[in-house]
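The first chain written gets the first letter, and so on, giving A, B, C, D, E and F; residue counts start at 1 in each chain.
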Amino acid sequence: MSDLVTFGETMLRLSPPQGERVETARELEFRAAGAESNVAVTAERLGAVATWLSKLPDSPLGRRVVSGLQQHGVDVDVAWSDQGRQGTYYLEYGGKPRGTNVIYDRKGAAVQTTHPEELNLDAIRKARVFYTSGITPALSNRLRETTAQLLKTAKESGTKTAFDVNYRSSLWSEQEARETLTRLFPAVDILVVPFRDAQQVLNFERDPRQLAHHLAAEYNLQTVIVTNGEKGSLAWHNNTVYEQDIYQSDTHDAIGTGDAFVGAFLARRLSGDDVPRALKYAAATASLKRTIAGDIATVTKPEVEAVIGDDMQDISR
Amino acid sequence: MSDLVTFGETMLRLSPPQGERVETARELEFRAAGAESNVAVTAERLGAVATWLSKLPDSPLGRRVVSGLQQHGVDVDVAWSDQGRQGTYYLEYGGKPRGTNVIYDRKGAAVQTTHPEELNLDAIRKARVFYTSGITPALSNRLRETTAQLLKTAKESGTKTAFDVNYRSSLWSEQEARETLTRLFPAVDILVVPFRDAQQVLNFERDPRQLAHHLAAEYNLQTVIVTNGEKGSLAWHNNTVYEQDIYQSDTHDAIGTGDAFVGAFLARRLSGDDVPRALKYAAATASLKRTIAGDIATVTKPEVEAVIGDDMQDISR
Amino acid sequence: MSDLVTFGETMLRLSPPQGERVETARELEFRAAGAESNVAVTAERLGAVATWLSKLPDSPLGRRVVSGLQQHGVDVDVAWSDQGRQGTYYLEYGGKPRGTNVIYDRKGAAVQTTHPEELNLDAIRKARVFYTSGITPALSNRLRETTAQLLKTAKESGTKTAFDVNYRSSLWSEQEARETLTRLFPAVDILVVPFRDAQQVLNFERDPRQLAHHLAAEYNLQTVIVTNGEKGSLAWHNNTVYEQDIYQSDTHDAIGTGDAFVGAFLARRLSGDDVPRALKYAAATASLKRTIAGDIATVTKPEVEAVIGDDMQDISR
Amino acid sequence: MSDLVTFGETMLRLSPPQGERVETARELEFRAAGAESNVAVTAERLGAVATWLSKLPDSPLGRRVVSGLQQHGVDVDVAWSDQGRQGTYYLEYGGKPRGTNVIYDRKGAAVQTTHPEELNLDAIRKARVFYTSGITPALSNRLRETTAQLLKTAKESGTKTAFDVNYRSSLWSEQEARETLTRLFPAVDILVVPFRDAQQVLNFERDPRQLAHHLAAEYNLQTVIVTNGEKGSLAWHNNTVYEQDIYQSDTHDAIGTGDAFVGAFLARRLSGDDVPRALKYAAATASLKRTIAGDIATVTKPEVEAVIGDDMQDISR
Amino acid sequence: MSDLVTFGETMLRLSPPQGERVETARELEFRAAGAESNVAVTAERLGAVATWLSKLPDSPLGRRVVSGLQQHGVDVDVAWSDQGRQGTYYLEYGGKPRGTNVIYDRKGAAVQTTHPEELNLDAIRKARVFYTSGITPALSNRLRETTAQLLKTAKESGTKTAFDVNYRSSLWSEQEARETLTRLFPAVDILVVPFRDAQQVLNFERDPRQLAHHLAAEYNLQTVIVTNGEKGSLAWHNNTVYEQDIYQSDTHDAIGTGDAFVGAFLARRLSGDDVPRALKYAAATASLKRTIAGDIATVTKPEVEAVIGDDMQDISR
Amino acid sequence: MSDLVTFGETMLRLSPPQGERVETARELEFRAAGAESNVAVTAERLGAVATWLSKLPDSPLGRRVVSGLQQHGVDVDVAWSDQGRQGTYYLEYGGKPRGTNVIYDRKGAAVQTTHPEELNLDAIRKARVFYTSGITPALSNRLRETTAQLLKTAKESGTKTAFDVNYRSSLWSEQEARETLTRLFPAVDILVVPFRDAQQVLNFERDPRQLAHHLAAEYNLQTVIVTNGEKGSLAWHNNTVYEQDIYQSDTHDAIGTGDAFVGAFLARRLSGDDVPRALKYAAATASLKRTIAGDIATVTKPEVEAVIGDDMQDISR
């Protein structure tokens, strides 16, 4: 029985060395990368027992994904498929003013046809928390339904649900996202919203605190987290708002920062921490992630606690 | 104006270092690879002016293909597309008894929707030879038609046509291949047939010599080349059969051997060599290819001639 | 509950690129490597549920070992220690006449102080097979006792015991080995003996068949396997001897061949195969291992079966 | 027919990984690099049809240069020589306070003996712009004459001439440079002057605006560009001076920044942009170059335009 | 005869590429690294004749250390041992907030049993300066005695002694360090103290100037150097204190900065420079070290002097 | 005082990974390589004290050569020059039928202007053996004289002279070589002649035994060694001929095989071995060299003796 079960697409990420361009590269780094598996790995590494559910092509590429996640101790429980591809993405780090360039090649991925009955629903039913993100329903109509059904399965079994809006404009329009997501929110207990996504998709015009209050009230949420980049994050819980600054970091690879944040928050809530303390862990884990190559936060609990340092004192008492 | 114009799909090839498996690899080599562009590169390198036509996604991946071919001096004249993927393939070298494992990821490639009007048909019309292979019509129904139309375009303008059967069982059944290919052969002038393909697809049961005679007669071909792996090759031309042994080689990478053979044969015929001499070039170039990493035969004319060595004397007289 | 539980030391292997020497190398490959974890990985990959027990330093080095095994799906259940080192070994591939050079740096490894009570004995009790090898008792006096106690624990719970002699002359003398091992054999059900070890340690002078008969009788063994390098292997079972040739292979890395053999044999026996069929799997898996970099046999069941090919027919009937 | 033809030396650049020193390095990156080919590549990539003329040794090293340029689509039209070397240079990135260290090894390069008649003068005659830089006449007496003759050839055929002062103190003294360059300037239409070069070589003591006015008047130039490092650049044209700030960038590799600037300016002028708009492209392309490893600006037009962003609005009107 | 003889442990350093973690790394860089050999290398590179004494395992690992030092011209004169390991350490660069993580694996290193009579004491006796650091007596009781005996040997032969406190909290407690070091100081002529070490180990509470005065008086030292990180350094000599700012640098690898400082100071003193000038060299060399990968300062005298630049004028007079 | 002093050119060798071509490579391995320094390194590694004399450019490239030799313990005593280049060569391994391709870029190397007075002639005078090879006089007229003078210097001081014909057809014609070498032979004590060179340059038509007898008589040599590739070698000494087979090896890199042979022969003769025993060492060392990347034989005495094995018995008695 896992504390945390997540569902979503994991891709293989291909990236040239720093300074090189995909157009002329001769060597690519090769890693597993996906929002929901990133969350599972972070949670597992910080003490939770985590399972990742998905559908993968029965090929060395699908197995490369499994290898990349299992090495961190996550249980991988997937439907193996003879149809559908393994999604990949190419990541080219640029720096200013070029920026980091992402080229998705995920069309026709096996995961897009996942029917709930292909998955280990019992794992969801027995878990304490089920997590997926807004990327999942954006991937196909089938996954739009599957996402709703998995959230429903969780709710019906008393498994809490966690959801990160994670809006990707390359996958769907703001309007599609808004309509789908607002239909999913009633089944969510813990909602994570990047503030930029709220502005863009929900047309929300006020500030992060108001957003949290608004969403909590509108969708009867138990916890709302709003992340706001450099400006920090906040959590609404039991009608109280807790704020958290970011921890400064040198950034080697920013991808997966948000997933590290969510994984850490869930791991600590599962282990009994209160919301502000879990939020502190989340911020510290996110800052560590940025120093690490790849999407995945290969961190340890002592490392996270070293970042928190004295702050800990204030809050642990 | 090019001597040789080729059309077909070029993929990006991703391969782990020797001894590593895709399932656990962290680094992949990254190269352009495609039968028809391999032929164009070899021909260009051996003295022909060559153009490769195709359709590519308008992305760094599409441009990676272009870069990989242009570096050899081939003219690349492609339709850039906002639809469709860049095909890739993963190559894992195994050795005995594991074998070399190829994982194609070419579904939905932009090239599959190529309509002749998207291509520079004038390049074909002005060329001296147009080449494509049996991989092309195997990729989609659209390409089945396009292949036929391009051969027709060539024929109508007096451009000679060359075609390699190149049967890929992962792309179509033997029956589909047989039906399609035999409908294309009448438009072909120079036909290249791996003997194994003839046995498998054409259900031909006799020997390579008889195959060449049979095909030449049946389809009114000008030249028929039958390649037969370690056993060498032969060419039927003007009712004469010329035989050619292989040149022994240490094999670093066997992929592209056949394309190197064809590219060299066409280059030498275009430059005026007679059939047996072009065949000798073809065999020597193929043997050199096997020592070189990647699909592409990065060879020079003096290197090919050094392989041929004294044999040359016999034949140049 | 695992089908197979193994116990032993896993080291980190450091090796320069081919042709380079440790003395002047600047880059080393870095992998997990250990006889008993190699066996667990192979078994897991071929269908068994496998757990590896050990003791590791609580450090990034200990976690590097875990990562290298978990990626293959093996359950890792270790005692984390603040005392003791992580063993390492340097491997320098040489070729003829230099040979492959191994430099062990495993003195004071945490595993050497493992007391049975530090381990998850229940995992052994509930498993169907428990495996360790002659390397384990050679590592320390403590492990000599622990090995005996673990075999006893297994026997008492009805868990079958498997044991590979795996004589390492750098760890102990022939006499020490002989005395210790012959004291352990009575607790063993399935004994694997490299023929060279039998000659060297047991001073056995006759042939592999006679060795198997002799050992089975002497120690009341259920199954005896004798491996004999290029000459193949045999299994004694129920008074019958089954012989098995090796499958020819190109050798990229010979380390771990024996462990791949044992892991495959155990996996297939656990899944119900009879002895000769399991032996065939073992030989095929061992041949595949030799094509793969590192100690670990990153193979799949279909790959093993492809090696066996027609042979399969004869035996499966 | 090319829009732009350039002539000059292209070297092979060898550089150790960051932090490593040439003195102890074991691996070097290997790339083509030369001011005039850098300009051709940038221009080609931004929409011009560009040809690079030069003289190269007929060897794999000469062909390595060709490969490195052709991959970007530039036409390479060189005299192949059996005399003379391929110039190389070693680049060691240092950071503060070590600095970037360049070790030239270009003595006796084949290009130094280039006589105009060895080059495709028709390419120059038919081009719209001919470009070379102050490095070229600094390389040998022969090239001093050849540079003058090529500029003359261009002028006589109505091909506009562009020239970058590009003073290299390792190649000639300030006085030699001054005497030679001022003799060449009358044949130049578009002159590019790094302000530091003007101070050092021309002993010019006033500010960049005055420099531009002065040079335009003195040598009857059509366009004068003065680049001034971090302080930006300006262009004098038709008696008006246009100023352009730099775009901020993270610097991975600063070499080739000036060539990217010039290549972009020429490409945009050739495509009909007015001077201030071409200058904006130049600055944006230069800032992108700094994020890319090697001398060459592997950029695309959309990337350059993304850097320019809103500024574009102001100017395109 | 060497100007400078040093004695101490040199380890092999293993480090993953930037952004990678030891826990999941597949490739490690491999270098020689040790405080006293770092000092010897720096001194040799800046003009001294230097010898490094130590004890090493007679293995490729011990020879790897020798190779890494000899390449810089240092004479290596070691006792080869069949007992004891080669110490290693793993270095993982982190950046903020992760920090650089060092994992020592030096237990049982051969060097720890070094008896003075195993070493070339004549080399010490004939040298002008003998150097070791506080790491050496911290490694074993045997080395505590050996350190004292070597300093005594030097003193008795008129060889000046230099000593860097170099406190490592992982090797011994503050109290052990204090007791041992203060017993060694009377035999020291030139003492180097990182100010942080003085605060931590010597419980010194005042400022660096006072520390220098205090130590000089207390232990009758000839020269005292206090380094104080970003805040610079100072040297007490003949009752005068000379201060020196750091030279700003981009830090690629900070390890070995202190050793570069000491090596340069000693080299310049040996060549006759006065204290403030040697201090300037030390600061400049230290700043260069930070730009270079590995523990070793691969610098040249002209490079150091280029950093000093005009400052030189002031002081050389 | 060195046992062995050698003089000659050492180049920097640049080579792409196996299977890659210089024409398209992006990364090159970087090593020091030269016949006479190869001999010095081998001799030093097998117990001699060796010094290499030469002239190098005062640059990181010259220092790269020094680093590559010093790491093996050879004393490097060179004239540093501000004139002249560092020679380099590109090596591309091919396999059959491509072959290994060497592209020399050594024109204008600093070493070519070496006057004897620039060298440490005392080192030669005090040495027991002085060695150079036929490459040296082939490099320039100046070196033709210098070679003669150095041999004379040695002879006059009672230093024995050793010389390897080492004919390189790319450096001089057979006739030039013949005239020069036969003028040098009278000053030689130990002459090494590849049999192929004797056939080609000396027009010698009989067999290796006869060659040895003939040369010994003609030039009053003390020892003549004739190497004959796969067919083994022989040594003429005191009117007796000793024959030696090669030891079989897997060849990773054949370059430097002959130098390893000579270095080992000289080292063993210097340490007192008789001719047949030194010849055995030479053959064994040469076979080990072939398994090692680069020109240099990074071997140890125990490794060489392990190759010799039982043979040793026969001969040591």
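Throughout what follows, contacts are C-beta pairs under 8 Å (C-beta built on N, C-alpha and C of every residue); 3 or more make two chains touch, one makes a residue touch a chain.
For reference, the UniProt names are A, B, C, D, E, F = Sugar kinase.
Owing to the predicted nature of the structure, the values given are computational and were not obtained by experimental measurement.
At the interface between subunit D and subunit E, under half of the residue numbers appear on both sides, which makes the contact a different-residue one. Ranked by how far their CA centres sit from the centre of subunit C, the chains are topped by D.
Remark: among chain pairs B-C and A-C, B-C carries the greater number of C-beta contacts.
The distance from the centre of subunit E to the centre of subunit F, each centre being the mean of the chain's C-alpha atoms, comes to 39 Å. Centre-to-centre, using mean CA coordinates, subunit C is 63 Å away from subunit D. The distance from the centre of subunit A to the centre of subunit B, each centre being the mean of the chain's C-alpha atoms, comes to 45 Å.
Per-chain CA centroids place subunit A at a distance of 47 Å from subunit D. Residues of subunit C in contact with two or more other chains: 21, 23-24, 26, 63, 67, 71. Interface of subunit D with subunit E (complex): residues 17-21, 23-24, 94-98. Listing the residues of subunit D that touch subunit B in their complex gives 63, 66-68, 70-73, 76, 300.
Per the touch definition, subunit E reaches subunit D in the complex via residues 71, 247-250, 252-253, 284, 287-288, 291-294, 298, 303, 307.
Of all residues in subunit B, only 14, 16, 21-31, 59-61, 63-64, 67, 85-86, 88, 90, 92, 101, 103, 105, 107-108 touch subunit A in the complex they form.
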